Amino acid sequence: MTGIIADTKAIQYHIGLSTQMLCGAKYAFLPGDPDRVNPIAAFLDDARELTQHREYRSALGYVDDIPVLVMSTGIGAPSTGIAIEELARLGVTHFIRLGTTGAIQAHVQLGDLIISEGAVRLEGTSGHYAPIEYPAVPSLALTQKLVEATKLRDYPYQTGIGCSSDSFWPGQERYDSFSGYVPRHLQGSLEEWQRLGVLNFEMESSALFTIARTFGLHAASLCGVIALRTQSEAVQQNVYAQVKERLAIVARDAVRLHHKAHGTPL
Amino acid sequence: MTGIIADTKAIQYHIGLSTQMLCGAKYAFLPGDPDRVNPIAAFLDDARELTQHREYRSALGYVDDIPVLVMSTGIGAPSTGIAIEELARLGVTHFIRLGTTGAIQAHVQLGDLIISEGAVRLEGTSGHYAPIEYPAVPSLALTQKLVEATKLRDYPYQTGIGCSSDSFWPGQERYDSFSGYVPRHLQGSLEEWQRLGVLNFEMESSALFTIARTFGLHAASLCGVIALRTQSEAVQQNVYAQVKERLAIVARDAVRLHHKAHGTPL
Amino acid sequence: MTGIIADTKAIQYHIGLSTQMLCGAKYAFLPGDPDRVNPIAAFLDDARELTQHREYRSALGYVDDIPVLVMSTGIGAPSTGIAIEELARLGVTHFIRLGTTGAIQAHVQLGDLIISEGAVRLEGTSGHYAPIEYPAVPSLALTQKLVEATKLRDYPYQTGIGCSSDSFWPGQERYDSFSGYVPRHLQGSLEEWQRLGVLNFEMESSALFTIARTFGLHAASLCGVIALRTQSEAVQQNVYAQVKERLAIVARDAVRLHHKAHGTPL
Amino acid sequence: MTGIIADTKAIQYHIGLSTQMLCGAKYAFLPGDPDRVNPIAAFLDDARELTQHREYRSALGYVDDIPVLVMSTGIGAPSTGIAIEELARLGVTHFIRLGTTGAIQAHVQLGDLIISEGAVRLEGTSGHYAPIEYPAVPSLALTQKLVEATKLRDYPYQTGIGCSSDSFWPGQERYDSFSGYVPRHLQGSLEEWQRLGVLNFEMESSALFTIARTFGLHAASLCGVIALRTQSEAVQQNVYAQVKERLAIVARDAVRLHHKAHGTPL
Amino acid sequence: MTGIIADTKAIQYHIGLSTQMLCGAKYAFLPGDPDRVNPIAAFLDDARELTQHREYRSALGYVDDIPVLVMSTGIGAPSTGIAIEELARLGVTHFIRLGTTGAIQAHVQLGDLIISEGAVRLEGTSGHYAPIEYPAVPSLALTQKLVEATKLRDYPYQTGIGCSSDSFWPGQERYDSFSGYVPRHLQGSLEEWQRLGVLNFEMESSALFTIARTFGLHAASLCGVIALRTQSEAVQQNVYAQVKERLAIVARDAVRLHHKAHGTPL
Amino acid sequence: MTGIIADTKAIQYHIGLSTQMLCGAKYAFLPGDPDRVNPIAAFLDDARELTQHREYRSALGYVDDIPVLVMSTGIGAPSTGIAIEELARLGVTHFIRLGTTGAIQAHVQLGDLIISEGAVRLEGTSGHYAPIEYPAVPSLALTQKLVEATKLRDYPYQTGIGCSSDSFWPGQERYDSFSGYVPRHLQGSLEEWQRLGVLNFEMESSALFTIARTFGLHAASLCGVIALRTQSEAVQQNVYAQVKERLAIVARDAVRLHHKAHGTPL
């Protein structure tokens, strides 16, 4: 059942990249939106865009001499899963998701960075890789470097767990969907997550953590808070700009710290 | 909890479109890949690209005097769900997915069009809209027009059910993933779907059908067979070109037939 | 493990029919109640009762030269499943359920015919044939002929999805059961189905659709509305009489149309 | 939401019986097949048929002065559930199912009576009355009287648990169905039940036990072994005749013993 | 994969007992608390403590000439499961749990003995031995002897089903836990169990029943009511003392009755 | 519904400890076996046993001036859950499980310490606190201190995920149970966990992680490898002795490091 899809020397079917194009990059930064790829890459040395295929735009840059890929995943766990599969074939071993998020706890502030300690698997893709009782948990070592890098910059941050949802409206218990209806099994879920200590909603981390761990690879997730669900749905544009910058800086610094501590990933 | 996200007059948060930009379009054609938007729109009259935001590229054209939107959904059910939510707010009532697919039944041929009678919900997004026992079934009336349009063109086609998966590898029981492992609950699933009469795999239809129906709206799905999983994973490029053309032609003709039979959708 | 049960030449164990008795019938009309068999058969030519065994009463008649079986299924999915299994062995390929139903949407009227586009699988039998994510969806071609036949008669009708329940009380969220208790997981289910666009409750269609499709056979369902759950539980007897007549007429006409369009089923 | 359906003085909607017709019967014997009602009633004093509506045929007789109803349930849990609901309204408090069954343990013999200690809930109806973790377990007191009555007659018998299935073929892992296919989640289930000590398959007991217990009522189940799944599917007709007689005798004797020990049920 | 753990001649890994130490005991009394072992054994002849390992304290005594083991299980289904596994290897065939419990029905009184007819499987251990649809039901014969022994002593008692929970707080819907939060799927569960006829909560019976039955062994459960959840959480100490005595007496008497009726267990 | 059980000033119902007895301890070390409490406490300053009630033996000691409780949990998640509930009421905020474990990966060696990054929730207790999609993940900060302490001692160690099972035999896919049977849904589970990167089996960590996190408290888990499931079930006694010592030393050192970095827990 193998074919061109499994040919690791070829250009990968969905993301349009090849081993050669990656220049040996072991680290990948993964924003969701193609339009965030180049702004993030701009914080790397010698950055250049590689290609765009479907929702996957890619750029390559350097942290000191360490090659780092930046690639968008598109929205949601399925396209993120395809990204991880194809990047893993090309040799990437360390994945850092860089996202934006809405917070659901009162003590979280706009602009806070959230470094994930784990994710609620409210999506279907991770279930194709591991049973639902399996923990969606990031790499301890890589996550620790995100903490250190954030502390060194003195940026406000939180660590804790988030919820990764397969929908933007009912899975996050938003009632302003087209139908205005949230099915019974999700009614009250927002308050439940709040009571259980969940910090925020987004749509990709639990798949990233689960897939990477079942592959024996390493993933972490860093999100910037651009909306407070406890107050309003409005996205704060000035916060957004600051957050995007900090995500790129922390990720870059974390690669440097991680590489120093652990050497070149195999 | 409302905010800018629910403002139906504003440009929608994810897709970047407004009511005004749609010119009253009630019909939308939904390919997955942004790069298929303009080629499909080229079969409409007076087609022009509207915008691109994230994985959502959009164009508008006409079938006779009927405005039709073409917009990519990106890969997977979550981004498709967001597309439906935001298009529904802007007044779209009839959705036709135009996709490519791999067939898993021996009697299906390369190049066949598959008109969906229903979809296996092997994804998480539809579960945020309706319990899993709810049928992912297209609009009878709209689907019937796809059948009629295909017959009029004398294109080879199949009707039947497909399987919409949240992953490209394990959910479709591909063993050439990075880890080579398919979890136990999916081992043997390909043969099971074959035994149960499933024609093909793709990744979006069951969410489209479920969400549209819970919204009281209308959806259908038309896919072209570009690979035969029973033989090889290789995609046939010449078939691909022909299929893409036929998808656009049949969808266009179906809108004409549907509009003639049912009048302007409300 | 085969035995007399699998002997397709013998009289079938539960339904008491043999191939010879069916005279080559490919179409079967399936009411639930044994007492509705002969009244339905009366709308066919040369109708005669065949036999009765357990809840299965059967009669045979003709539409032009096309032999058609009428057989009761008894109440519920399990006895319906046995009926389909044994009829399939005897060569029946097209099943049309003719039932009565209670509607749960305000826009449905007493006496309306409901032509099913799909069914919620709130029963256990279909799960013995296909995983719960599999769609309980009728045959597009056969369903389309029910629509055409109904339109030609100008009978008021609806198309849409229904809910097939394994119980008459709690599964349909009736509180006038013996205990008056509806378990928590079904509390609010009636309103949920209403919000999700479900038209009506009955007890057999989802098993019929699922089993027939996994067999590669063809099923459709036509029900007459004899009670409006949104108003009262009372069954309207005059409506009931009219509905029973219309069910038989539409089914008969649909066979004629289907046979004309598709020829003799294999 | 009440209506004629909940009127306990009226003739019940599905079974066609009223309080008056039952003459105060608290005990009901429940075979599946309408054709077994009168033969069972023949073992009672002054037996007479009451009515037949759908698959529910009923007769009334006496054990000494104790009135006892005999009524068929039809095949499967859904129609059995309706029977229990409507009989409970009419005042029946003690239900004894009298069925035939196929045994799956090597130590069980043709003609053995199986007195149920509990049932595997492989059906959907009981789940509409209680969560799946709830035990489908008969009345200890009533079951004990079945044991005593059987011992007094010196009939060979077994006590143990059975499996109540919503289908005759795949749920009982029969491969001689029309499609010959058993879904993956039921493949190996027959051996699993054997390994877990299950004695036999039938289709109604778990719903009977669950519903009666949630109603605060009392149920028991007595089945005669007419086929040995470990050897052949063939039903032994001479065994069948003997078994039917013994079922009626034991049930009658058990009513006498139970009434003597516990007095008139409330 | 065998090793010292499966060596039935050796001292068992967790409970610290060997075949030799058991002196041929076929019956075991199982309290939860190690501190209840010796007081229960004091009602047997020639009782002596055997050993203590982890939460498993054990003593041996006699009923007439019948050797009986008393061993604590610790709290919860997992440690109970280990106890049953290791005792079964050593030849124990009949298990009687002796516990204390809180009642949730208004008609149950402080000091009542509850003889279990079955248990709700609200715990995870039994699911490792049998699918969740399998009934957690005690041995009919052994349970019947508990009833007889209780009647002979004229102690007030109830028979019915209980709920075995994996937690003391949320699974029993107690809101005075540390967080004060009960997850949504357990909110309302106390009232549901009450409506469905459940008498009481404890934490071990369903695992005991399920495991013993899948092993072809025999289990029963006898609990004394020391708190009434419908009134207060307060445990009544004087009731507690009386209950503990009665549990031991009834179990002892039941062994005598059972042995007399059924002879030496194999 | 509150009562003596919720009285935080009283001696706790199950563990037999009061606030006063804890002397302000915020840290607790949690072995499973009561017999490991004093040996672990011996590595603390001024250690003394506090009490024993049921399977809960407790001792108190100091790391510098920091009071630390050592208390056994008994085997399994339910008794561990009760321990966490009652300790939390008494003011404990940081929990470190100290266990022994069998490893299932070939690269893990006897005597290795395993510092948990997360746990598979193959048990029922955690499900009473949070839905199954919630990650059983330890405190990042506390876990990081276990890593640092282990590195400083230069002990061989692994970080990764484990599986917490509600049974010792079938849940860990051991076939040398009494019945020798592992239910179908667990057959192949050992290999699956190996393929998905799970390092080891034990029975308590996932409940500890889940409950602590839903309480807003902090937990970590450190286990010593005393058996290699891939080779033999035999426990190595000399390894066992060394491992027990290292567990105590690392936990003690980690408290010192954690207190230094984070100050006195609130």
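Note that the chains are named A, B, C, D, E and F in the order they appear, and that numbering of residues resets to 1 at the start of each chain.
The criterion applied here is as follows: a residue touches a chain if its C-beta (ideal position, glycine included) is under 8 Å from a C-beta of that chain, and two chains touch if they have at least 3 such contacts.
Keep in mind the model is a prediction, meaning the values are calculated, not measured.
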(request) Starting at subunit A, figure out the least number of steps needed to reach subunit C through touching chains. (result) 1
(message) From the C-alpha centres, identify the chain that is farthest from subunit B.
(response) E
(message) Rounded to a whole Å, what is the gap between the Cα centroids of subunit C and subunit D?
(response) 27
(request) Give, as an integer number of Å, the spacing between the C-alpha centres of subunit E and subunit B. (result) 57
(request) Would you kindly tell me how far, in whole Å, the mean C-alpha position of subunit F lies from that of subunit D? (result) 49
(request) Please work out the Cα centroid separation of subunit D and subunit E, and write it as a whole number of Å. (result) 30
(request) Enumerate the residues of subunit E that touch no fewer than two other chains. (result) 122, 129-131, 179, 181, 183, 192, 195-196, 214, 216
(request) For this assembly, give the contact graph shape among line, ring, star, complete and other. (result) other
(request) State which pairs of chains touch, listing all of them. (result) A-B, A-C, A-E, A-F, B-C, B-D, B-F, C-D, C-E, D-E, D-F, E-F
(message) With touch defined as at the start, can you tell me which subunit C residues reach subunit A in the complex?
(response) 188-189, 192, 195-196
(message) Taking the touch rule as given, give the residues of subunit E at its contact with subunit A in the complex, in rising order.
(response) 179, 181, 183-184
(request) Using the touch rule from the top, collect the residues of subunit B that touch subunit A in their complex. (result) 1-6, 13-14, 32-35, 53-55, 74-79, 81-82, 84-85, 88-89, 122-125, 127-131, 165-171, 174-179, 181, 183, 185-186, 203, 214-216, 229, 232-235
(message) Quick check on the complex: what are the subunit C residues that touch subunit B?
(response) 117-122, 129-137, 139-141, 143-144, 147, 159, 161, 192, 195-197, 206, 213-214, 216
